[in-house]
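Report on one structure; see the data block that follows.
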């Protein structure tokens, strides 16, 4: 499972019938160092995350569970949570949409 | 799931019997920054995507669902949708075959 | 399965119901050369590993087993063990939280 | 699924009983740009591909299907087809063992 | 499936009960070019491979088969074979623990 930032939306008309009515987000992985990788991917979103929000993304069986449409579906990646806060040992903290430096301790 | 661009076709005569009659496309992953990775892969295509079109590609159980030939098949990657439009927070938009800059807002 | 170091925590309020009450850690992969990659990921932790501890992390079905909540869950990565010691042929040894050079032999 | 080139063979005496009597090939992934990655992997081959031939390789359930030995086996990667021809939008074409430039159009 | 070299051991006391009594090895992937990647991982070993030996490593269902402890286990990677010899088209050959150049032909 990865933490990623929502950076876009995807629309498609010609698609597998099981994709009907779903929201598809473009996700950019977030690294501990604060860099964002360019290797984006697409996730179905049952929660309603917005642009710039950090989310927890899952794949495969976990993604099918999260979407609640059974196992015969044509997608495999989904948003399982919207992150409130991520605190890192290197003194960096990330909120839902902003980041800050933790006080040294 | 990834968005990729269709960049080629693959033909094979000696193959597993379950690959008979399928269209196989070469897919190049699309990144948020606009770069295209050289790490291509191959997907079965039940929709009929053409060269240069952006597609949503799925793997494993989702790919078997999309192809509709059951679970005892010798392939694992398939096109689930043709992308109409992808809009990114960095002001970039991608249509089915072309791309543009979004007006600043 | 990878050995990683616990480098952070993640909290989320809006989430799939099956994530309720779980501890989520940010994990940084550990390489044989001693480098730590920036490509972190998130794991559920049923054992109680602390910041800086080395852990063995598993994915998919193994992660669902480790968490003991059945297969209909919205996460796919979990801590399976806390590492006591890792000894490498290049003379490097790693304890739970510290590392040392092995005597030449 | 990836297209790769057969670059070697692997032999093993001490092995899981389900690997008995199988041919194991070393595969080098082929990229659209014409580069070959050094990140090789090993595939079981039920078709009889030779050194230098391009093959379509599948993983997991698809690989178990292709090998036809059921699901209780100790390998997970297999050759599903020998590529006759791969044509790319960048004007490059790849045959089973050789490559050429396509006429501009 | 990958060929890797055994470069270390891992010990853990606090662990999922299904890991009890297993040998865990640190594996370094072997590339066709002769380079060894620093991206090590951990595999359970039912065969008894030693430091410096080349092994064939499998994941997921294949790994669970190889270990013979059923599917409700907390690990997902295992040694399926000890490599006797790997011969590559670039004139390189690798034995269980040493390597040599093949005579030109």
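Just a few scattered comments:
In order of appearance the chains are A, B, C, D and E, and numbering begins at 1 in each one.
The criterion applied here is as follows: a residue touches a chain if its C-beta (ideal position, glycine included) is under 8 Å from a C-beta of that chain, and two chains touch if they have at least 3 such contacts.
Only a predicted model underlies this, so the values are computations on that prediction, with no experimental measurement involved.
Fewest steps needed to get from subunit C to subunit D, stepping only to touching chains, is 2. Touching subunit A and subunit E together: C. Distance from the subunit A centre to the subunit B centre is 20 Å, each centre being the mean of its Cα atoms. Inter-chain spacing, taken between the CA centroids of subunit B and subunit E, is 33 Å. The residues of subunit E that reach two or more other chains are 60, listed in rising order. With the ring opened at subunit D and read toward subunit E, the chains come in the order D, E, C, A, B.
Put simply, subunit B touches subunit A in their complex at residues 1-3, 29, 31-33, 35, 37, 47, 56, 58-62, 65-66, 80-90. In the complex of the two chains, the subunit A residues touching subunit B come out as 6-16, 18-19, 24, 26, 28, 38-43, 51-52, 60, 64, 71-77.
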